[in-house]
Amino acid sequence: MFEHLFAEFASTALMIVFGVGVHCDETLKGSKYRGSGHMFAITTWSFGISVCLFIFGGVCMNPAMALCQSIVGLVPWSSLVPYVIAEMLGGIAGACMAWFIYADDFKASEFEVDPVAIRNIFSTNPTTESYNLPRNFAIEAFDTFIFLTGILCIAANVGENTMMLGIGVGLLVWAVGMGLGGVTGFAMNQARDLGPRIAYQILPIANKTDNDWKYGLLVPGIAPFVGAIAAALFTTLVLGVTF
Amino acid sequence: MFEHLFAEFASTALMIVFGVGVHCDETLKGSKYRGSGHMFAITTWSFGISVCLFIFGGVCMNPAMALCQSIVGLVPWSSLVPYVIAEMLGGIAGACMAWFIYADDFKASEFEVDPVAIRNIFSTNPTTESYNLPRNFAIEAFDTFIFLTGILCIAANVGENTMMLGIGVGLLVWAVGMGLGGVTGFAMNQARDLGPRIAYQILPIANKTDNDWKYGLLVPGIAPFVGAIAAALFTTLVLGVTF
Amino acid sequence: MFEHLFAEFASTALMIVFGVGVHCDETLKGSKYRGSGHMFAITTWSFGISVCLFIFGGVCMNPAMALCQSIVGLVPWSSLVPYVIAEMLGGIAGACMAWFIYADDFKASEFEVDPVAIRNIFSTNPTTESYNLPRNFAIEAFDTFIFLTGILCIAANVGENTMMLGIGVGLLVWAVGMGLGGVTGFAMNQARDLGPRIAYQILPIANKTDNDWKYGLLVPGIAPFVGAIAAALFTTLVLGVTF
Amino acid sequence: MFEHLFAEFASTALMIVFGVGVHCDETLKGSKYRGSGHMFAITTWSFGISVCLFIFGGVCMNPAMALCQSIVGLVPWSSLVPYVIAEMLGGIAGACMAWFIYADDFKASEFEVDPVAIRNIFSTNPTTESYNLPRNFAIEAFDTFIFLTGILCIAANVGENTMMLGIGVGLLVWAVGMGLGGVTGFAMNQARDLGPRIAYQILPIANKTDNDWKYGLLVPGIAPFVGAIAAALFTTLVLGVTF
């Protein structure tokens, strides 16, 4: 059990170091790769997740996925809450680590980079035009449904082949991120959104903007669980995948 | 039979959610990834198709492919018309889903984004300079011929390895889309072009432009069938692939 | 024998349709993907070659590779000259096909696009600053040496796995093209350079510029054979690969 | 033994030809792919390393990796110093080869391109804003820890499958480079940084700037060994990987 919890913590932290790290890279003054664009960032999220799977094997790294795997029987129900806690702590720790790496660039960006852009390094938030809580909720539920269904099917296809699991999930994040992420920024994972959102709240960053907890708790906080339940039911009952 | 029809419907819908979704992303005011460019978009089409294959296995997602597989004996002739109907409905449903996801950005883009660019989110259409029906017809037939020949050969190479099928087809779409798509936009599939073209016709989008049904029915409507017949004959008779 | 010659002709033609096609795409007025950049173009060359290998298996598509494989014993010496002829004809045919696809955009680009840029759609040529025949010769010999050594090692690693052959070679072209191609444009193949160079000479393109046959015959014409001999010797005698 | 040393020398040199080559490509006046951006460059480093592994199998190409593999028992301790020397010589030789390829473009860039940009073709150096030796040291140690842990786990996953080793490591470099490289430029390897830094010192390049040996020796010179020890201990003692 401890081994599993450590793997969930460490893999989630590593995923967030890559993902929040690339948004630091893209956004902050003083970073070498500033302005490298969305394909650069989404590629890092995608294959950063591949790397986590290469290292830690079939981890969840995601409370919604932990729920989904509990429903289909891959994770014991008694492990669900501990997994969620380990993942949330991993999300916070990873965001703090990314902040530490780029701390001098955060300093250089104070009052020079839009505070909303700095907040968005950490958490997912729609643009003003796209801000619509019911629709954003539906999108996050749908994106998570596709994402987790994809992972379950890939896992069923690859068996014990950890490398193909990582590669398949990386390609899945490419497609989901670029194709479905333009409104909400494809959180699909409480540890990915709320973990770094908490980190933004507590880290010593100057000139902070509103952290929008209402959005955070309602949309990336709850919608992924809806998608997770749908993915578990769809994969087992409709697609007939067995685990 | 119902299972196959459902798989054709759902996989085609998912492919179109990714593909029309990324064009929303790229084009609409208010999207987070606006202006991310053609490599971003074609990568999404490519590996979105990979994901559909990871989830649904060896589906056609394409009336031209269904015809091609009927000719080579992989799909029973009696299934052809039902497959085509399921795929067309999937194409319409996927485009409506993508519109729903980006509905607030469609609203924000009314009278701010070129109506031709908005139409081109849905369907494939040449630029003014490239508009030439006989040549466009020949290109779509040729592109489809290469595309379906490639898929048939990949399928023959990979056997039951669904992951390699998806990865191989994703790489194929990368090459075909970027190398051969600059004139017609590589429809190669009636469900991909006419499905979203119907959706554009019926969805509540303000300030619509001409939907160019003449082009749609002649070029992406008919030419892919010509390419499909050529691919079936070439693969079996010239390359000697057996299924 | 006829089957092999047909495969060499058709695969080389297809590779050139992708590769010359993407340069049309990138360069010509009226193309949908104009200005998409070098990563877009090199990705198309890379995975276009993967597709040719998926479809046609272990073809050479390259006179330098045919020589190299004759030296290591994979191609009979009696086949070498017929292979080279089939590949050169394929290179010419593929470039003509790409021109046909983009013919309306060639028309729209007459007197609007730099004639040197239009010539460079077809053949590889250094910039003015990099024009230095002895160095260009050494670079093309070196690039070809790395390229063919890489392919031979990949082929030895993958055995009968055609999909991994294609994927490995695609990744190799990514690295060689982007890392080593900035001076000469990584021809590494007479059929890739001289075939389209002949096509540029004979096609009805207005406002042509000098086709620089001196460069074409000396550098991409001869240097790849030097690299091919080096690759054959290095792979067998130094690396000890057996076929 | 000689074979291993040759493989370390040649693979490191080839990796540096790709990597320093792509920075020449990106930076110098007269290069065809100038200004192609960071994704272009990091993709070349990533899959250039894949190619080295395809050709030379499981080489270290990195003194930090050689130390790490000595600790876990994959490289005999008696080989460590010879490996390091072979890799450093490979790093110098590869950088000289890349300089030779782009020598005319170096000439054209004299007094036209920022000398700091030219120096950074060779070695990794932070921006002014990010220059902070203790933090840079910690980052390089952390990046190397993630990088080497990833490679060891990939190696354990793939067994004798050299192609999957290369592909997995390529994807790992994509994620590490883009997500974690924005401050220090992800050296993680003495042969990659100090080898080309020596080459910059001795090559006939006009208008050189300060080569910052203090940074080079302290950060990319020492920190990767700290990361290497951490990776060896973490992989064996925490993850329980056996070799």
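To keep things simple, chains are lettered A, B, C and D as they appear, and every chain counts its residues starting from 1.
The rule we apply is simple: a contact is a pair of C-beta atoms (placed from the backbone, for glycine too) under 8 Å apart; a residue touches a chain by one contact, two chains touch by 3 or more.
Since the model is a prediction, treat every value here as computed from it, not as a measurement.
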* Intersection of the contact lists for chain B and chain C -> none
* Structure fact -> At the largest C-alpha centroid distance from chain C we find chain A
* At what distance in angstrom does the C-alpha mean of chain D lie from that of chain A? -> 29
* Asked: When the centre of a chain is set as the mean of its C-alpha atoms, what distance in Å lies between chain A and chain C?
  -> 41
* Give me the residues of chain B that touch two or more other chains. => 37, 39, 167
* Which chains touch which? -> A-B, A-D, B-C, C-D
* Asked: Which residues, counting only chain B, touch chain A once they are in their complex?
  -> 6, 14, 17-19, 21-22, 24-25, 28-34, 36-37, 39-41, 43-44, 47-48, 50-51, 54-56, 97, 100-105, 107-108, 162-163, 166-167, 170
* To do: Show which residues of chain A lie in contact with chain B when the two form their complex.
  => 37-39, 126-132, 135, 138-139, 142, 146, 149-150, 153-154, 157-158, 164, 167-168, 171-172, 174-176, 178-183, 185, 238-239
